[in-house]
């Protein structure tokens, strides 16, 4: 190593342990970790609400709460999970932590903006949640006019909060796009980018292009509530369907903000744990960007029974299939990556394979609800609830858990207990499917969503679903437990525990301070070209960890 | 490379552009004094677009700068077109099947007070 | 290892960039991305305008005559002039002429303020005759021989809602622009900018031109047709 | 109820429900076959190519063009079939036959009101003749609702200030469930109605019976049930329990008291926000003001008997 007088024991976690050094840090790694804490709290709160909602639905009529509490609980669950958890989760946590590392950059392009967007996010969450002190918020996360305009002044706080969180999302996306364009290490050409980078890049495009529209929508809703401007409210001559167009112009692409990063994670995990080049690399990479754009053309498939014209329903339905094909082909590419690979079943890989199962179900049922004739029957039933939980939870959250287990050693410098990890993954898998699969069945039998009470014929399915939520809850709490425990008792992580080839694994764990790389790395091959570096694995340890590329041989510059 | 190598737009060009913009503003006001029927809107929009392109290419320097920024702008504008077009696909075609009726109840009551009697 | 202040990096260059050029390009690209978010934000209102206009063309044609094209036209010229002075300012910054940079920045500020003053008189003139956005819309009184009561037709309120929201959010952008220009002018007066580093002036200029472009479209759509 | 089923979908009870179901099952089964095949491949590869030694590095596998083309082309053909089919079903669902019998529907928080061509109205009980196309012309009076009959596979949002519609032709006599599927507030899940599909003769007889004069209290009892007053005022405590309310002294939210006489009851039905009982929020919508004087008299007469 060159002129570096860097002390190996000084790393980004311990160079300054004061609270102030964390709160004012411009280091993307520390910001990533702060996001991790924040979104985990949001996930915990949203998750507890979900358990309460499921508990209430154990039997028809009042079980633990009345209709108003129930309506507020599911609304709060949705607002927290969508805006405060899943949209910032993967891009802001793993995007922040991993993206500059995988690019071989010292930081994101605008570190100050990065810190600012973290605080803007926090402020947004606080504003949105202060609605609870003012009055009720119900009606779901979609805020459909005119109901949302009649609920009360609390809508002021929720819309402002969502507007502010949207601003944070825009700044993060903007930062990442510029980072990918301008901060790549020498030799890291576009076709050598890890697929996680490609997917975060595609996500960032959606964040920048879609989020401003939810901003103006929230402003208009706000003005409508306080100045009665009569744009959306039919009582004043407005058109409520127009609100739905505005809302879904953002919120459908937002679904891709949630799922695209998951595609990147799964690509990286499957590549790493099968030591194989991801099949159809170029297709998987470019289709992420294509999906990001196509995602803007299909929002009307949420509105087949909204009273929009049949012409637009037909166009939106047709375009919906355009986006289904590349998504399906990605799944096939991941499965063929396994072919003739060397597959290791570490916890992150279990989540990747679980993702293929649950996300495929979410995808296929997505095709079903995209079919015009069928969607008329399925719209706003539990079938749709089950579908988007299979995509959001079965897709994004499961992939996010995979990412958390995968990068945990790099983030904290500690290994978690592998056995507990596998047990928890199994619980999550069975709990998840038990919770949501019965919802497909009751939905297709006609059980509407957002129902506090239900007919006795649906009780059996609701009970199964509630039991499933308990198993899922146990699995998730177990993960929280052993990850926190690993911080104290976990064994020290080697620098490359999984034998991965991307740049974040080329250095010590935890990463050094002040710079990510003691030397600017020079990239000479693709992110999954295992067959080009067999020497790296000659002395692999029993647990699969290898000396990092960096330690073995310094790439020629 | 230092920033001194950035393209410096000559004052002559800047002055010419502001003169053109001023003239076009007068033209658009003048055109609006005549009723051109269905051409009113397209002409106003055409002149506004020409004005905007001058500002973007010269004042904002997109003509001289990096192509990526032009691409970013183009993508943004395409999204605006998508937004407008797809919403018009709904709002202009309501009533295309019997499941939706075009127009509001308020409107039909104003224009045809007798319409409710059927 | 790239330890920064030692190897001749200029003061304005942040540690994680390799060169001034990389930093300038990154900042400019970031600004363009921000500008398209602004365009999409305004596009929501243009969509509303398009939809409501296509539903009620005769109402829009009738009530738009309430807006005074002389005031709107004057403001258009004022904003165009301010765009011109910003472009001149950058020209002089690139030529290391700090004094002329400051003069042009101050001129821009003055134009921006004139724009707001005109806007203020427009708004108060409308409010005086009950022309408010939305439910409070109640036109009355006689101006220049026109009886405003005749504008009290259905969906006229929607036109003025759209008018006030569009011009209001635009005016908000002008106010933000004035704030930023004051800050930039102060920095310029401390001699912080030169041909080697004028990124903040460039970025503010880009923002200001966009505010101008939005108005270039608002003016004919609201006042003229 | 006729809409019981042990399969995925309720039994099809309208002319086009069978068509929707065929499409649903086609999509479901094709999806299942592909899903199972992909998962089987995943499991097989997962076992066959599990890592045997930490030092092994697999060889590079060249991608197969034929395979890649196949899995783009085949799904594209499949989804185009499904799209075209769904499009056809959709147009059928959207286009009511011109000779349909038209009924006007009003959705309000939280009941459905049906008005027939004879001027007869009913709430939460829709009577329709079997084997005859019915077109429901729908509008709302407050917020969005959505009218959903699972057994007929029809659903459409109900929007204030606009008309939307659904049509269906029931093929079997029976009673079927109606749900509101667009969130509309506290009692969204209680905004249910029943479709009674009866023979043409029974339908005509029912229509005649509606015009007969009932004693006020009996009419009131029926309305009390139909307009779901019972949900808030008897079953749950969303509103004050009305048993014995007549003649009692009520404390209001502003601290004053009032005797619950006929005028007070009438005012509270027509304009619920005027005098709200203390301890209750203003949950009751002002949608009952459209009732006729006869109906209101009936309701008050019934409340007096509680």
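A, B, C and D label the chains in the order they appear, each numbered from 1.
The rule is simple: a residue touches a chain if its C-beta (ideal position, glycine included) is under 8 Å from a C-beta of that chain, and two chains touch if they have at least 3 such contacts.
What you see is a predicted model; the values in this text were computed from it and never measured.
Participant: Per the definition of touch at the top, where is the C-beta contact count highest among chain pairs?
Facilitator: After tallying contacts for each pair, the winner is A-D.
Participant: Which chain is the middle one, judged by CA centres?
Facilitator: Answer by centroid distance: A.
Participant: How many angstrom between the C-alpha centroids of chain C and chain B?
Facilitator: Going by mean C-alpha positions, chain B sits 16 Å from chain C.
Participant: From the C-alpha centre of chain C to that of chain D, how far is it in Å?
Facilitator: 48
Participant: Rounded to a whole Å, what is the gap between the Cα centroids of chain A and chain B?
Facilitator: The answer is 36 Å.
Participant: Give, as an integer number of Å, the spacing between the C-alpha centres of chain D and chain A.
Facilitator: Roughly 33 Å, centre to centre.
Participant: If you look at chain C, which of its residues touch at least two other chains?
Facilitator: 25, 29, 33, 36, 40, 43-44, 47, 51, 154
Participant: Mark out which residues of chain B touch at least two other chains, giving numbers and ranges.
Facilitator: If we look for residues of chain B contacting two or more partner chains, we find 68, 75-76, 79, 83, 87, 91-92, 97, 99-100, 104, 106.
Participant: Using the touch definition from the top, which residues of chain D touch two or more other chains?
Facilitator: Within chain D, the residues that touch at least two other chains are 91, 93-94, 156, 161-162, 164.
Participant: For this structure, give each pair of chains that are touching.
Facilitator: Inter-chain contacts occur between A-B, A-C, A-D, B-C, B-D.
Participant: Where on chain B is chain C touching in the complex?
Facilitator: So the residues of chain B touching chain C come out as 1-4, 6, 8-11, 14, 17-18, 21-22, 25, 28-29, 32, 40-41, 44-45, 47-48, 51-52, 55-56, 58-60, 65-66, 68-69, 72-73, 75-77, 79-80, 83-84, 87-88, 91-92, 106-107, 110.
Participant: Give the list of chain D residues in touch with chain B in this complex.
Facilitator: 91, 93-96, 135, 139, 156, 161-167
Participant: Per the contact definition, I'd like the list of chain C residues that touch chain B in the complex.
Facilitator: 19-21, 24-25, 28-29, 32-33, 35-36, 39-40, 43-44, 46-47, 50-51, 54-55, 69, 73, 76-77, 80-81, 83-84, 86-88, 91, 94-95, 154, 195-198, 205-206, 209, 212-213, 216-217, 219-221, 224-225
Participant: What part of chain C is in contact with chain A in the complex they form?
Facilitator: 1-2, 14-16, 22, 25-27, 29-30, 33-34, 36-38, 40-45, 47-48, 51, 132-136, 154-155, 157-158, 161-162, 164-165, 169
Participant: In the complex formed with chain D, which residues of chain B make contact?
Facilitator: Its residues touching chain D are 97-101, 103-106.
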